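Got some structures for you, see below.
You will see chain A twice below: alongside chain B first, and alongside chain C after that.
Let's turn to the complex of A and B:
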């Protein structure tokens, strides 16, 4: 049995992480749960681990932003201290690692404070997108027939339409009716404009993912254990919650990680084009503010963009890593 | 025979979709508020009577369903109305920008398509080689790259610091951009294309390579590829005739989608390079809430995307004889 398996693997030569030695250890620990196996596989995925490391750094920066940043966040008057010290529009130096803007803001501090919004965008947008993905994907796939037909037609419209165009229109309309900048919840100031953008971005992000989940559910529906549950008289909701959902969960986790990457990217784009929340200084906003100065103080434009790039890269690398770790076709 | 029937059927299927999209866009835009109020908000000298005159002039004083019917009848006659700013016909504005957008987009899409084929195949063939890691690394970086940021970096380095390429626009005006000291309109237009095309190509190239690499890895593992190789068919034929044809379908889907979506212009790239295209015009129209222009652009884009989808589906049948059109 074991030799046979090893042969097949050598033919396909699929995953570098599966050398002959690992096969033995994985077979021995067959009792381990699929998550433990996945984690073991993930630990060998170098670029995936690198992505995870970058995400951890981002989280630390966001949590300790007030400690790490040498200057406070706007609207605190001290945010403009470099201006009063006569240090506006300075190139990167030891005191200002990413330089200062023409307005007299320390670019490094601004990026550190902006990381909080980046995390908020990534997490909130992904939560909403995932709920929509799961609801549409599982319902369409499981119930099939006219429900599937209807949901898939709606999905197609969302999929086909260049979403950035409509996101801009919605963002602009919400900007008009923006009365209160913040909503205070449990002592945390939640930026309303940014939340609206997150909502809009999420509403246009679920369609592709829902199609993937639906396909997976369609495949599951034909498996024997689901058929057995059905013939035992289990209700549709029970089967969906207890059997279908746990089995599409790996797929959903992968899609969710990749959604984080695209949410951060789209929010940065919307803000950069000037349709963002005027009260929150996200990285895209910082780029918009410095856009007209890029021929002189290029650092105030380049570093916030670099932060966006590295964050999106981190989520994508991490997502690829878990996709490989959870892919049953690559698994022993 | 089946071919013509198929196109007619798909064409009929498009009609409710287009009407649906137009109703939704119309409602969204007019829910935003009174366009005349918005358009004249920055002008304190205007009187309410003048606003009423403008509303009447643009037909905005009738109920919304009546406005929609009026818009639809004009639309069916190919008339998109007039811009709220300056009153230029929307048709004229769109056709002016459409050419520049298509020029930019089509060049990039086809460059990306034809570069991605050898790159994707090579990467899949030499899996886990240094070349594969390089190609995969560049493509995941390309997927993560904010296109507008990449454009800005190129402008800062190549235009501002090295003075190699023009930083904005599609044509040198009033003076042509000299290429190797020669001032020629064609060379000038090409020089203006280099950076935006690079940015757009890299952006779609990354997706294409990832898709094709994954597809090829799947196909190369199949028994029929091994059988083809065993029967002594040349490697070139095995790769390009037997394997690629099976791996390329997702790439064709993406190509179809991106040709359709390219009509929307890449609002970001066009804004960064001040390209006189549809995407930048759209961004400007949205920030000024120029409704007729937004509606016109949206409809053109929607129709083009649906047409591109039909062509994509037809091309499947051309590539894969197992797929029948009926």
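Let's turn to the complex of A and C:
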């Protein structure tokens, strides 16, 4: 998410400077940096823009969750107000747009509150995954030889094991000793159990991406401009930071956006299977709580599922849009 | 005085298929302030020789043996950190394809000034000034504007001027030009050649032209080194090379297309040998029309034939008499 945000800041920054330059075609041509070109192309990508729009909606919902949701989040006692009002297990209506659960929770409110965790999972997992991806991919690709051999063998270990199974095992192991459910940081309550799951999910998510980045670095290493930099006395670190990294950055951004989608999906799966953090009510958790009521109160199962589906779809569409916009081989 | 003395240089590539002896026992000197032509077919070891001098031979290749004396110091013995101060600053290299040798993501000003900042530890403004000054040297039109542009906004010839400027940024004493005109069209080629010629004259720089174009050699170089399959075939001043050459040089010269003669293009029969298992003796013998049994058995020494002219051929005496 950090990469996403930074990218979006870049895009808006460039678009602002572009519109300012529109009057002067000569200067506009000069400012045709990669980011400006990418943003121009992304603006033409309909499904990508649609994905971005859905992500923006999700962000708004998450930020203003207390305002949007008619009922407070658990464990506040008012979360069960529909139950006390005799409105448990009700079908969608104007008062309860997504209906209420058998326990008497307003499904719409629960989904709105759960969106915060979804954003947290997407951002945090992607951040960790991307750091690991970049570190392993670039180091292996650039230094090659023994370092490459070692890192790629480690990567393969992560690729060959059935990751969901191991995630579940580790989730159970690390969920046991949580004395405190939340850790307060700058006034924000961070759920420790969910953070653990994010860590575990991330550790099993970077391997495929690292291979892609490594391949890209290997390709770049053979290009003449890297050779030229070397012949001009640049050190390995300089070449890696100034020349290799910026050239694989588009690739990394695309992988990061797509890994947001998979992080949300895997977390939902872990929670749905009952291995999630017992103190947080993520969308997967909502589905787990009411899957036995599918035949009676189907809405308490379908709407959280739809929320997961649309979020994953949004990240994927957005990621595809970015991939097309940043792909130099698809110049218009 | 010699600026560069290469002796018995061996650069091999340790591939899975075997050891590729790309440069095998190459020796020659480059006189200060003079232009030397390094000539040979593709795969004869020209580029690898230049890469060896800069010590940027790509893996799995490495310098196995030999000495590279630059200004009296052996570059082969230098640590990589020490070499970084030579690269760009004292020895520089111009690449074949200007399109792919500039980073597409940065403006010309940014990527060229970075080099000056890195080496000379100067402020950005001073570095930009150096860049503009050097771009002017290469006769790039409107350098003040050019530094704000990206590589893809220039034509091939302009990019090569930028690449030449980049190589000259730090006033190197020795410049390798690795087929600098191969990827350009003919009119631009002529411009780049005359630019390099003028620059060499004006700055008094030592230039090594790596090329397979005998026309370029005739126009620019004072002396020539002819390489074949990693071996030196002939070294000599330009006049003698064109007059009484080695059989391989003669074949190369014959293969140059000429406008004043209507005839079929002549090529050297056969292909450049496999460098994992190179031919025994003289490496050119399988393709040489004058080859005898001795050529197959013994590698001919590089013999001084007088007048700074060296030939590696068993039969040079007979051939010269015949010519």
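Heads up, the rule we're going with is that the second predicted complex is superposed on the first by the 300 of 332 C-alpha atoms of A that agree within 3 Å, B and C clash if a C-alpha of one lies under 4 Å from a C-alpha of the other, contacts with A are read in each partner's own complex, and residues count from 1 in each chain.
The criterion applied here is as follows: a contact is a pair of C-beta atoms (placed from the backbone, for glycine too) under 8 Å apart; a residue touches a chain by one contact, two chains touch by 3 or more.
Source: prediction; values computed, not measured.
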item: Overlay on chain A: chain C relative to chain B, clash or fit; value: fit
item: Touching partner for A:107 - first (chain B), second (chain C), both, neither; value: neither
item: Chain B versus chain C as contact partner of A:144, first or second or both or neither; value: second
item: First, second, both or neither for A:325, with chain B first and chain C second; value: neither
item: Partner chain in contact with A:34 - chain B first, chain C second, else both or neither; value: second
item: Partner chain in contact with A:223 - chain B first, chain C second, else both or neither; value: second
item: More chain A residues in contact [chain B versus chain C]; value: B
item: Touching partner for A:240 - first (chain B), second (chain C), both, neither; value: neither
item: Partner chain(s) touched by A:232 [first = chain B, second = chain C, both, neither]; value: second
item: Which of chain B and chain C A:287 touches, first, second, both or neither; value: first
item: Superposition-derived minimum Cα distance between chain C and chain B (Å); value: 13
item: Residues of chain A at both interfaces, chain B in one complex, chain C in the other; value: none
item: Touching residues (chain side chain A, partner chain C) in the complex; value: 29-30, 32-34, 144-145, 222-225, 227-235, 238, 242-243, 246-247, 328
item: Residue ranges of chain A in contact with chain B within the complex; value: 12-13, 16, 47, 157, 160-162, 164-166, 168-170, 172-173, 176, 261, 265, 268-269, 272-275, 287, 291, 294-295, 298, 301-302, 305-306, 308-309, 312-313, 315-317, 320
item: Touch list for chain C against partner chain A, complex; value: 54, 56, 58-59, 83-89, 92-93, 95-97, 100-106, 114-115, 118-119, 145, 148-150, 153, 163, 166-167
item: Contacting residues of chain B [partner chain A, same complex]; value: 17, 20-21, 25, 28-29, 31-33, 38, 127-128, 140-141, 143-146, 148-149, 152-153, 155-156, 160, 221, 257, 260-261, 264, 267-268, 271, 282-283, 286-287, 289, 294, 297-298, 301-302, 305-306, 309
